[in-house]
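Okay, got some structures for you below.
Next, two complexes with chain A in common: one pairs it with chain B, the other with chain C.
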Partner chain A sequence: MLAQLLVGGLGTGCIYALVGLGFTLVYRTMRMVNFAQGQVFMAGTFLGLFGAQQFGLPALPLLLLVAVISFAVGMLLERVVFRRLYASHEVFVVGAIGLGVMIENGFRIVYPEPLPFPKIFGAGVYHLHGAVFQKTYLWILIVTLVLVAALHVMFAYTRTGRALRAVASDGEIAATMGVNVQRAIGATFGLSFAIAAVAGVLIGPLYFVSPDLGDMVGLKAFSAAVLGGINSVVGTILGGLALGLMEALAAFYISTDYKDLLAFAILVLMLLVRPQGLLGRVVPVKV
Partner chain B sequence: MRAGLAVGIASVIALCILGLFASDYLLEIATLVLIESIAVVGLGFLTGFAGRISLAQGALYGVGAYAAALLVTRTGLPPLVGLPVAIVAASVIGTALGTPAIRLSGLYFVMSTIGIQQILWILLMHWSSLTGGPQGVRGIPALSVGGFVLDTPARFYVAALIGAVASYLLARRVIASRFGLFLRAVSDDELASATAGVAVLRAKATALALSGGWAGAAGFLHAYYLRYVHPDMFTLDLSVVFLTMAMFGGYRSLEGMLLATVILGGASEYLRPFGQFRLVAYGGLLVLSMMFFPRGLLAVLPIRWRR
Partner chain C sequence: MMHRLAMLAGALMLLAGTASAQDIRLGTVIPLSGGGASYGASIQQGLDMALREINAAGGINGRKITLDVADDASDPAQSVIALQRLVNDNDDLVIGGWGSSQVLANMAVAERAGMPYIVVGASNPRITTSANKWTFRTLTNDNGHAARLAEVVSLLHFKKIAIIYDTNDYGVGLRDIFTAGLAKQGIKAVDVESYQTSDKDFTAQLTHIAAAEPDAVMLFGTLPAIAAIMNQARDQGIDARFLGAAGLSNEAVMKLAPQAAQHAIATAYFHVDTDATAKEWAARYQQAFAQANQAPRPSQAAPAYEALKLMAAPCLAQVGTDKDKLRLCLKAWHGTLFGLPPAEAHFDDTNQLLAPLVVEEVVGTEFKLLPGANQ
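Entry: the complex of A and B
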C-alpha cells in the first residue's frame, strides 16, 4: 500500500512542481504572483485534448506543440495584458485572477461537460513492489526530469539563461549591460506558461477533464512553491514533490476530506515561520 | 464637504424611492449590492487605509453568515441576537488568523490570506457536525424586528439600506478619528509612523478586527436575505470580487468603493446580453479595470471633483 501511495504522491508532486515552477519563474523576475497559472495549466490540458482528438497526435509531438503554443501565448499575454499590471502587486494579483476567470469560463463555453482524456501515454499498467500504476505516471516522472534538467542547462549554461537570471536579480543593471529586459520578461512568462501547459497535458489521461481542473491545482502548486521557497527553482521542485507525497499520505492515514487543508495550512505556517521557504534566500530590504 | 453631504442625502432618497417603485426582481439585486457594500467598506479599512490586501473577506463574510444561521436554527434564539454574534465571530476569527500574518510585507500577507480563505472554506465544507457540510444550512426563518417580519423583498431592502447607510456612516467616523489617522500614517510609511509613536502592529490588528466585524454584519444580512447558506457561496471567487470592489473604487475613498460595488455587483445583470460569454466578460471587466484604473475609478476625476 505504501508503494502505491508513494507512486501516486510522486506523480501529483511532479505536477505541483511544474505548475509551481511557473509561479517561481515569474516571481523571481517580477516579484509578482501570477494567479492565472492554474488556468494556464488547465488550458494546456484542453489544448492537449484538442490536439489528440482532432489530429491524433502521439504523445511527444503533442507535448512539444502544446509547449510551443503556450510559450507564444505567454509572451503575447505579457505584452498585451501583464505589462499593464505592473503598477503594484495587488493590481497584478487581481488582474491575473481576472484573466484566470476569463480563461476558465472561455473554455467552459467550448467544453461544458467533463470529458475523458485519450490515453496518449498508453493504456497499460506497471507493477512495482505491489503497487499498480498507469503508464502515465512514468511519463510524468520522465518529462518532469527532462524539463527540470533542460531548464537547469538553459539557466546555467546558455546566453539566454544568463540574461534571464540577470534580469531576475536586477533588471536595471541588466539593462545597462545590454540585456533586452522587456524580451527577457516576455520569455519568462512564455516559459512559465509552457511548463504549466505541459503539466496540464501530462495529467490529462489520469482524470476526466473539466475547466475547473486548474483551480485547486494552481493554488496548491502555489503553496508548494512557498513551501520550498518561491524564489528558488530547486526549492519549488522539492516543495512540489514534498507536498504531493504528504497529501497522498494524509489522504490515506488521516482523512480524504481534510487532504486539501494540508496544502493551505502549510502555506500559512510557512509564511509565518519562514516566508522565504525551506530553500529560499532572504533578500535584505534596504530602509 | 457640503456638496458631498447633498450627494449622500440625494442618493439615500433616490434609494428609498427605488424601494417604493422598483420591481421585486430589481429590489433583490439592489439588496444584495447593499449587503455586499458593507463587506467591501469593511475590507476598505485594510486595503485603502492600512495598506494590506486581504483575499479572505469572502470567508469571513461566510463566517458571519454561518454564525447567524446556526445560532437561529440550532438554538432558536431571536434572529437579531445573531447580529452581534456574527460580528464578533467574524471579527475574532479574522483577527486571530490575520494578526500573526499582518507583520508580513505586502505580497506575503496576500498569500497568507489566500491560505486563510481556503482553510475557512474547507472547514465550512467538511466540518459537517458543526456546519452541515455540503448540505448547507436550510430553514433560516425570516428576520423579524420586534414582531415586524421582514418577509417581502421591499421590507428586507429597507433593512439592507439601513444597514449599508449605518456601515458607511460608522466607517466615516472611524476613518476621521485618531485611529483613522494612525492607519493612514501606517499605510504611507510604516517606519516613519512607528518613529512618530504610532503602535503599528496594534493599528493594523485593529483594522483587521474592524474589517472582520463589517464582514460579519454583512454575512448576517446575507444569511437572512437568502435564508439559506452553503459553503460555495463563500469561495475565493467572492473574496476576489470584494477585493476588486474595494480597489477599483479608488484609493482611500469610501464613496468610490460604494460606486465600484454598484458597478461590479450589478455586473451579473447588465452583462446578461453577453449570454454564455457573461463570465468571460466579467473576467475581462476585472482585468481591464486593473489595467486602466490601477489607482481606482475616482482617480480619473479631476482633483476638485474628488473632494
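Entry: the complex of A and C
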C-alpha cells in the first residue's frame, strides 16, 4: 500500500520537478517568473499526442522531436513576446499569465474535449512490493534522471552552459567577456520550454489530454520551485519530489480533499519562514 | 437620391425586423468547454436535429425556430450569467442546463424572469421542488437512478460495494440517496471516496478501494473523471464491476476507457434497442451528425431532441410563445418517449417528468441492454 503511494508520489514529483526546473532556469537568468510554464507543459502533451498519432513515432524519437520543437518555440517566443516584457517584473508576470491564458484557450477552441493518449511507453504494468504501476512511471523516473544529469553536464562542462551561468550570474559582466547575452537568454527560454514539454509527453499516457492539464501542474511546480529554492536547480528537483510524495501521503492518510490545500499551505509557509526556499540563497541587491 | 436610399434602408430594416420577430427564439445553456463539453455538444446536436426537422416542415404555424446558444463552460457561476443572457436576448423558452450544480445555480434566473426552462441534463432531486413555476425537468432524477442501481446490486448479487463520488451536487446527491437505499438492503459500503471534478490522479482513492477488495465500484460523477478512474483502477489491479448513473451513459466512455469500461453498467435515458422509433431515430441522428466535430452520442442527444420535438413544439403550436400559456401547456403535457420501456410520461406537481429508465452495459464499442434488468 505504501509502495503504491510512493511510486505515484515519486512520478508526480518528477513532473513537478521538471516543470519547476523551467521556472528556475528562467528565474536564475532573468529574476522573473514565467507563469505560462504550465500551459507550455500542456502544449507539450498535445504535441506528443500529435506526433504519436500522425507519425506513429515511438517513445524516444517522440521525446526528442518534442524537445527540439519546443526549444525552437521557446526561443521564438522569447524573441517575439518575452523580450518586450523585460521592462519590469510586474509587466513580465502579467504578460506571461496572459500568454498562458491565450495558449490554453487556443487549444480549447480546437480541442474542447479530453482525448486519450496512446500508451507510448508500453501497455503493461510492473509489480513491486504489492504496488502495481504502469511502465510510464519508470520512463518518468529515468527521463527525469537523464535530463537532470544532462543539464548538470551542460552547465558544468560545456561552453554554452558556462555562458548561460555567466549571464545568470551577471549579464553585464558576461557581455563584456564576449558572451552573446540575448542568445543566452533565448536558449534559457528554449531549455525551459523543452523540459516542460517533455514532462508533458511523459505524463500523457497516465491522464487524458485536455487544455486544463497544465493549470494545477503549473501552480504546483511553482510551489515546488519555491519550496526547494527557485534559484537552485537541485533545490527545485528536491522540492518537486518532496511535494509529490507529501501530496500522495496526505491524500491517503489525511484526505484527498486536502491534497491541493497541502501544496499551497507549504508554499505560503515557505514564503513566510524561508522565502529563499530550502536550498535557495539570498541574492544580495547590488547598489 | 439620399431620400430614396434612406427609405430603402428603412424598408429593409423593417423587413428584417419583421422576419426576426416572427421567429421563435429557442435559447440553450450548455457547456461547450470544460469537463462537460462532450455532454453539451450532444445536447446541442439533439436540439439542432429537432429544429432542422421542424423548420424543414415549415416551422411552427409558419414560424421558424432559431437557436441561441450560451456556453457556461461547465461552471455554475458562468451558467447564471449565460442564462441571464438568454433572458436578456428575449428568448421565448430555454431547453438545456447540464450539471446539477450549474442548474441549481441558474434556475433562479428562469424563475425570476418567468422564462419557461426545460432542463435536459441534470438529475439532482433538489432541482424540482414544489416552488418551481417555470423550471421543468425531463430526466428522471437521482432518486430513480439510485433505486434502479440498488435493483442491479441485488440482481447481480454484489455484496462488497465501494463508492467514489464527485464533490459537486450531482455526486454528493447520488452518494447520499444510493447509500440510504443500500442500507435498506442491509448493505454498508466497504469504502467511500471523494474527488474534485478537475482531478486527474486518483491513486490515493484507488489505493483505499483496492484494499477494501470490492466486487462493485459505484462511479458517481461524469466524464472525463470517471473514465480516468476506471483506467487507473484497472492499472492498479482492481477488477470490480463499475456501475454509474447517467454520467456514465455517454458514448465518449468507449473512446476514453475502451478496455477498462467493458461491462460497466449505467442507468440511462435512452437505448436504441427498446423500440422501433428509437432505432429509426438513432439511425437518422447518426447520419445527420456523422461529419460533425463531435461524433454523435445518442444517449445524451435523445433527451434534448425529445424535449423540443415531442414536448415544446406541440405546445408552441398550440399556444404560441406566450410564456405563461406555454408553461401551463408543458405542465399538462403527457405522452410516450422513445428509447425507454413503454410507459406514459407526465410532469408531477414539482415539474419533474415521471418516466422510466433503462439499464445498459458497455459491450465492445456500444451500450447493450443489461440482461434481466429491463423487464
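We adopt the following convention: the second predicted complex is superposed on the first by the 285 of 287 C-alpha atoms of A that agree within 3 Å, B and C clash if a C-alpha of one lies under 4 Å from a C-alpha of the other, contacts with A are read in each partner's own complex, and residues count from 1 in each chain.
Going forward, a residue touches a chain if its C-beta (ideal position, glycine included) is under 8 Å from a C-beta of that chain, and two chains touch if they have at least 3 such contacts.
In this text, all values refer to a predicted model and were calculated from it rather than measured experimentally.
When both complexes are superposed on chain A, chain B and chain C fit side by side without a clash.
By the document's definition of touching, both partners, chain B and chain C, reach A:257.
The superposed model places chain B and chain C at 60 degrees from each other around the C-alpha centre of chain A, with the value given to the nearest 10. Contact with chain B, but none with chain C, is seen for A:223 once the two complexes are overlaid on the shared chain.
By the touch criterion stated above, A:282 is placed in contact with neither chain B nor chain C. Within the superposed three-chain arrangement, the count of touched residues of chain A is higher for B, of the candidates chain B and chain C. Judged by the touch definition given at the top, the superposed model places A:134 against chain C, while chain B stays out of reach.
Touch criterion met: A:208 reaches chain C, while chain B stays clear of it. In the superposition on chain A, A:88 makes contact with chain B only, while chain C stays out of contact range.
Superposition on the common chain places the nearest Cα atoms of chain B and chain C 5 Å from each other. The contact surfaces that chain B and chain C form on chain A in the two complexes overlap at residues 108, 257, 260.
Contacts from chain B toward chain A in the complex involve residues 47, 53, 55, 97, 100-101, 104-108, 110-112, 114-116, 118-119, 122-123, 126, 191, 236-237, 240, 243-244, 247, 276-277, 279-280, 282-287, 289-292, 294-295.
Of all residues in chain A, those touching chain B in their complex are 31-33, 81, 84-85, 87-95, 97-106, 108-109, 219, 222-223, 226, 257-258, 260-261, 264-265, 267-268, 271-272, 275, 285, 287. Across the interface of their complex, chain C is touched by residues 1, 4-5, 8, 12, 108, 112-114, 116, 125, 132-134, 206-208, 210, 212-213, 215-216, 248, 251-252, 256-257, 259-260 of chain A.
Partner chain A is touched in their complex by these residues of chain C: 32-34, 37-38, 41, 167, 193-196, 198-201, 203-205, 207-208, 210-211, 223-224, 227-228, 232, 235-237, 252, 255-256, 258, 294.
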